[in-house]
Structure formats: C-alpha cells, structure tokens
Amino acid sequence: MEQQVTGRPHSGMSAKEVIARRVAQEVRPGMLVNLGIGLPSLVANYIPHDYGVFFQAENGVIGLGARPPEGMEDPHLTDAGGSFVTAVPGAASIDSAMSFGIIRGGHLDMTVLGGLQVDERGFLANWMVPGKMVPGMGGAMDLVAGAKRVIVAMVHSAKGEAKIVPECTLPLTALRRVSLLVTELAVIEPTADGLVLRERGPDISVEEILAQTTAKLIVTGDVPTMCLG
Amino acid sequence: MEQQVTGRPHSGMSAKEVIARRVAQEVRPGMLVNLGIGLPSLVANYIPHDYGVFFQAENGVIGLGARPPEGMEDPHLTDAGGSFVTAVPGAASIDSAMSFGIIRGGHLDMTVLGGLQVDERGFLANWMVPGKMVPGMGGAMDLVAGAKRVIVAMVHSAKGEAKIVPECTLPLTALRRVSLLVTELAVIEPTADGLVLRERGPDISVEEILAQTTAKLIVTGDVPTMCLG
Amino acid sequence: MRKAIKPDDAAALVPDGATVLIGGFMGVGTPERMIDALVARGARNLTVIANDAAMPGKGIGKLVSAGAISRAIMSHIGLNPEIQRKMISGEIEVELVPQGTLVERIRAGGVGLGGVLTATGLGTPVEDGKQVIEVDGKRYLVEKPILGDFALIAAQQADYSGNLTYSLTAHNFNPIMALAGRMVIVEPELIVPVGVIPPDAVKTPGVIIDHMLARVA
Amino acid sequence: MRKAIKPDDAAALVPDGATVLIGGFMGVGTPERMIDALVARGARNLTVIANDAAMPGKGIGKLVSAGAISRAIMSHIGLNPEIQRKMISGEIEVELVPQGTLVERIRAGGVGLGGVLTATGLGTPVEDGKQVIEVDGKRYLVEKPILGDFALIAAQQADYSGNLTYSLTAHNFNPIMALAGRMVIVEPELIVPVGVIPPDAVKTPGVIIDHMLARVA
C-alpha cells in the first residue's frame, strides 16, 4: 500500500521481496484481499493502485489504507497486527461477526498467510509448534477454511529443515487444500494429484528446489521462471 | 400509545377493552414489549406514558410510537401489521436478525399475543387451523419460544366453543408454557401443577368461568376481581 | 467501482427457474423497480425466499399475480389471498418457516455456517422431517443454511463502491440477504459518490454487492 | 433512561469468580477505565472471554498482570508473554478458540441459538471433545453458545437510553458481546441526550444495556 515498486527486480533481492512480488501477481482488479501480518503484509506494496483492490483486516475494516503520517494516527483504526492504518475512500467498518461472516461465507477473494508446513495433500500447518509458546490460531483457521483462494507465502525451508513435507507433523490449520504456495524458490500448486511445481525462482534450478523439499513434487516439462512484476 | 385512558372503567366496557386494560397492568416501567397485531395492540393505550416502556415491532424498530398525523407518514416506518407508525426519542432501527436475536435471546421482557387455544400444560396454539387458509406463523413461534414473559390475550371462548382446553387440538406454537392468560372473564396462570385461576372479570362469577372452560382450573380460596387500572 | 445498470438489464440476468432472495417486510424495503422489471420480462418458475408475499399489487405480490413464482419459502402469506389460493391449487409450493429461523438460515448461508440450532419450532409442524440434536441435555432443531442464486435487495443509499445504508423498518431482511446471494443486485433510492458514506455508517460493505440499479432517470 | 455510574461502582457489581465478556482487539475498543477499576478493586478468579489478551499494560493485559484471571477463552494470546507464562505454570487455564468461531459462539448465546455448525476447526485440535454432525453429507463441528455473567464493552457514543455507536476497528467484539452478557456495562467515550443518535445510526439498541460509565469528570 505504501508505494508501487516498478521495474525489473534484481536477482539480488531478498527472499521476502521475491515472495511478496510473486504473490502480488495473483491479485486481480477489484478483489477483496486479506493479508496476514509479517511477510504477507508486504504483498500490498506490489499491487498497482489502479486495481481498486480492497484490503480487509479481520479486526474490522474493509478498505484498509497505508500507514498514517506521524501525528495523524487514530487509536480506533488499526490492522489485525495492531499497527495504525488509514481508511481508503469507500471503506466500511464492520464488527467481528460480519468480518468473519465475510471470511467464512466465501466473500473474501483471497487470503495470503504465512506457513510452517505444507504437505502433499495441500494442507497447511501455520499456528502451533507443540512444546513452544502457543500464540493461538486467531483468525487463521477461519481464513483457511473460508477464503475463496488461500495463498501460502513462506520461505522454502527453515534453517535447513524442509517445510514442504510429505505429511504435516505440526497440527493442521484446516482440512482444506490451499490454492497456491509461493516461496523464494518456487511456485507450487496443490492439486488432487499432489503438489505440482509451476514455476521456479530467479536463477533457481529445479534440482535446487527438489533438494530443499521432502514432499514429492510433480514436475512436467519445462518449469518457467516466476514473473515478479 | 394514542392516549392514556384514566378513571374507573364501566362494567359496560367491551371484552377487548377489559382484556387490554388488564394486560396493561402487567407492564412495568422500562420494559421492552412486543404487542401482536389486533387485540394485543390495544394494550398500548393503557400504559402510562411516564413508564418509559419501549415497544418493539419485529419488522425492525425498537421505540415504536403512535400513528403519525395524516400526511406525515414515512413509507419506511411501519409496524409488523404494515400500519404507519412513528419513532419515539431513543428509537433504534434494527434488521431482522437483530430483531429476532432480541426476541429469541431473551432480551424481550414481554410479548402479548392472541390465542386460538391454551391447554392445561400452558401450551398455546395460535397460528393455524387445519383445513383453513394458512397465513403462516410469522414471528409467533420465536416470540413464544423466546420472550421472557408470554401473555396470551384472547376472548374466553369463541362462538360458544371453549378455547381453554385440556389439550390443544390445533397445532402448537411452541412447547413453552406461557406466563399468563388474560380473557374478559378471567386471569389464569399456567403453572407446573396446571392452570390456576387468579382473578375474575368485573361482575363475573367463578361458576361462569368454569362453565366456559373445558380445561381443569385450579381454584383456591377467594378469587379476586381483576384490577383494570 | 460498479456502474449502475437499468432494471431491465438487471432482470435479464435472472433466469427462469432461479432461486431468488427478495428483501422486504409486507412490501416495505422491497426492490419494487427490480420486481416490475422481472414481471415485464415474464420471469417464470422462480423460487422466492422472502419474509412474506406482501399483498396483491405490491412488492412480491406482483410476482405472485404475474405467475412468476413456483415455490415460496416464507414466514407469512396471510395478507395475500392470491398466494393462499395458488398454494391450495398447487400452483405454488409454499414452505412456511418461523420468521426468526428464516433470517438465521439465510444468515447461516451468507456467513458460511453449516446451520444453526434453535428451539423455535420444536413440538410443532416445523419439526417434521428435521434433524433434532441434543446439546447439554436440551433438544434443538438443526436448521439448514439457505443461499440464493440471487439476492434482490432494497437500500436507502449506495455509493459507487456498493456500500449501503438502510432506513428504519426498511432494513428488515435486506442486510442479511446481501450476504446470501451468489449474485447480489441492490436497488438504492439514491447513489452517492464514493467517500460520501462514512465507514461507520455503512451497513453492507460494497465488496459483497455485484450490481446496482441506476436511479430513476 | 439510565443514570451513568462511576467505574468503581460498576466494578463493585462484578464479583470474584464471574464470567466476563470483554470487548476489544489487541486493546483497541476495550473498556480501559472499567478494567482499571476492576484491577483497583482487586478482582480475582475471573473467567475472561475476549478475542485476545492484549499486551502487558494495556486492556486485558492489565487484568492478566494483576492476577485477576483464572480462566481465559480467547483466540490469540501471542502478544502477551505474561499470559503465556501463566498458562504454562497453570495459573491461568486457557481455551483457544478460532476467532470466527468465538464470535459466533458469543452471538449464539446472545441471540438464543443452541449453537452453530462450522467447518472451521475440523481436523485440528479444535475438534477434540466436540460433537460432530453431518448435514447433507458434510461434516461440521457443533459449537456451543457462550454467555457471560457480564459483558464489559466499549462504545464511541451512548445516549441516556443506552443506544450505542462504535468507531472503525473499535467495533470488533463489542456489538456482539452486548447481546451476550446477563448484565451489560458499557464504557462510552461520550454520552449524549436521548434523541441525538438517529435510529439508523444505533448499532446496539439501549434496551439491552444495563449500566454505563459516566464520562471522565
């Protein structure tokens, strides 16, 4: 939301930027989109302003705008991460029942969420690591169960450990197959047949992707390089 | 709501007036009350203005006021019977989900409804006569199931046929025991033990009441005459 | 941004045989111009889900008279003798639903719930054929969600983002039905520029609206 | 008409051991003065139902720090390390509920439903110990209603009938919790005379409100 970044990205860009830029390509004009906090929130930076995209924050605003200038914050207008935001023209305040009604009822065109694991069934685990501090699922389970498209935006592996695995070992977020998985190395589409490798990152080979993935990936023909806008 | 009628009623008053005046005695200051169309709606005429009673119409207004002066009707402000009304200061517009949320959720202090039959269990039948035109239950089932107090306001018998019966022969409105039954002849309280005769109408004897009632009535001690305000 | 369309073009979007949620309570808060356009196009075989059938010559009553309805799911039809006659003759199949249950079923459809549990209707003909479950020792009817192919609703103001406000007892089923139509068409009394309706005044967010009728020329 | 009361008098109405619904989302739209008064009175053993535990020093975080809470039903506690520690030590029993399910359970309590059916949580630890039913071939969790002995909510404006308005993301759970407290205490930022809030602007009708806090003197 801050500003539109244009021009061809350098190969030297960060993993997060690659992911955010690639996810932004999935957004179509007029969509209603919910971005999770952290990495997913960066996606807003790469969506053209003239798309008329509305951002929903599950705490109660449709039409979330950029961070306000200093001194112009409204204590009653924050995003789901608690950061001050603004409201775009045409914004609407909603209560939590309406907010999750929109999410659960299939009115949300797309949600972008972080992930801990995604498995061959396309199931996501992203809210809990047993034995660690448990933050709670917040809105994640409703978002994954209810949004029209669920896009997982995460780094491909964590400290050398694969995150794209045969079967999630962490507690699932929902029984729903997510729509797309975007990492800095690959774009992967979960299908009824399994995980299909659709695209590879800039200057990344299929072999490198397979080496960092313990799940079986379906690779057919040439795998194009991802477009980063 | 039209005007407060004061002074002692004459014994020559109509059955409807007796019933409406007696039901009005059940209303306490500050209550939220829903009055059914027809006879129950007359109750409003006998509630003191300074009681601060709010009337709810299930079609969507809390704080229903009197009929507007001619030419000052608003096509968007009617009661549940479709008649033009006004809104008192402090009125609130609500949608049907909120309206029935208030009814079903036990927030409505009292509903006054007409009746076809009431039986010894205190069950009400008031929405359907098999073989006749079926208007539909509208809000009646929710009102009887959900209101804190359900008061049935009806003439004691219809064309010589008892309406207070051992067991309803007409389809029930709800499995809930109503709170009070007011007719022009009697005030009857349904209890776990059965129907208790609490009061008798002006110049009406207990024998007259029993003669027009096929349900068993529990009569203990003197039965006082109803107060009509 | 949504361009406003003419009633005839909106009516052309609704095919014969469609399931249509229509807002209004005895004709108050009903999209009258949309209904007129459906009658004019000769719509047939509609399943209409609404609080009531209004009265002949008003709101949904016009669809009844025009023979556009083959099935109705409503809470009250008592002020429209015509639908009562058509029900008895078998021309219109009528399912009667308690009003509070009807609005919760539509809401459940709109907000993606699998249904709601209610005590309303227990021990009455409403219970017939329904699943009954026990929760903490109390019995409840399982009432299923309702969705429409279309929701045809009336509003007071719209902006060109589709954000809506409603007036007094013209709210009724409209804000709930707005959630439960696969395509939502709104008939506002007034359309204002984006930004004119403050966020806190919006009762239906425009993102769930598909089309709106242009004002009367 | 309702007289506004002082926070201390309101806090005195809430006994130790009560089940309390508290509005707010990470401290936004939380009744802060009411919470301060509960802390000042030394409230103990509360069951708090809220979206989250805010953070230390803010909103519900103050109740956590003060040792006022023995049980919490929330969707998120991740920004408050203190409640996480107290959960692990066993000082606070925490039930985690998906946010959309939590708000629907509270709504169900408030509007007198016996529960709602949702697919959210199926196949996750949320399913543990819950009734699962099948409707039209699909499986759903039966999620039970939640009611509080008290609902402590924040609003933007109140009139002396108790009618409420809310602002932007300070709506969150407040309008829903207003329906689900056996006693409802509201902390408005501003109290205006009856008639000043137009009927269409009212989001919570005053008839369901029991008490409101007086403005800061």
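Think of it as A, B, C and D in the order they're written, each chain with its own count starting at 1.
Here is the rule we go by: contacts are C-beta pairs under 8 Å (C-beta built on N, C-alpha and C of every residue); 3 or more make two chains touch, one makes a residue touch a chain.
Given the structure is predicted, the values throughout are model-derived calculations rather than measurements.
**Student:** If every step must land on a chain the current one touches, say how few steps get you from chain C to chain D.
**Tutor:** Tracing touching chains, the least step count from chain C to chain D comes to 1.
**Student:** Report the chain whose mean Cα position is at the greatest distance from that of chain C.
**Tutor:** Taking each chain's C-alpha mean as its centre, the farthest from chain C is A.
**Student:** Just the number, please: Cα centre separation of chain A and chain B in whole Å.
**Tutor:** A distance of 56 Å separates the two centres.
**Student:** Taking each chain's centre as the mean of its CA atoms, how far is chain A from chain C in angstrom?
**Tutor:** Comparing mean C-alpha positions, chain C is 35 Å from chain A.
**Student:** Just give me the whole-number Å value for how far the CA centre of chain A lies from that of chain D.
**Tutor:** Measuring from centre to centre gives 30 Å for this pair.
**Student:** By residue number and range, which residues of chain C touch two or more other chains?
**Tutor:** Only 104, 107, 111-113, 118-119, 166-168, 199-200 qualify.
**Student:** Which parts of chain A, given as residue numbers and ranges, touch two or more other chains?
**Tutor:** 61, 87, 93-94, 97, 100, 103-104, 146
**Student:** Using the contact definition from the top, classify how the chains connect: line, ring, star, complete or other.
**Tutor:** The chain contacts form none of line, ring, star or complete graph.
**Student:** State which pairs of chains touch, listing all of them.
**Tutor:** So, checking each combination of chains, I get A-C, A-D, B-C, B-D, C-D as the touching pairs.
**Student:** Considering only the defined contacts, which chain C positions touch chain D in the complex?
**Tutor:** 104, 108, 111-119, 131, 133, 135-136, 138, 140, 142, 144, 165-168, 199-201
**Student:** Note which residues of chain A are touching chain D in the complex, please.
**Tutor:** Going by the criterion above, the answer is residues 57-61, 74-80, 82, 87, 93-97, 100, 103-104, 128, 133-142, 145-146, 171-175.
**Student:** Provide the residue numbers of chain C that touch chain A in the complex, in ascending order.
**Tutor:** Checking each residue of chain C against chain A gives 1, 107, 109-113, 159-161, 163, 179, 194-195, 199-200, 202, 205-208.
**Student:** What does chain B use to touch chain D in their complex?
**Tutor:** Those residues of chain B that touch chain D are 32, 52, 54, 56, 61-63, 87, 89-94, 97-98, 100-107, 146.
**Student:** Contact residues on chain C for chain B in the complex?
**Tutor:** For chain C paired with chain B, touching residues are 25-29, 51-52, 74-79, 81, 84, 87, 96, 98-101, 103-104, 107, 118-126, 156, 166-176, 203.
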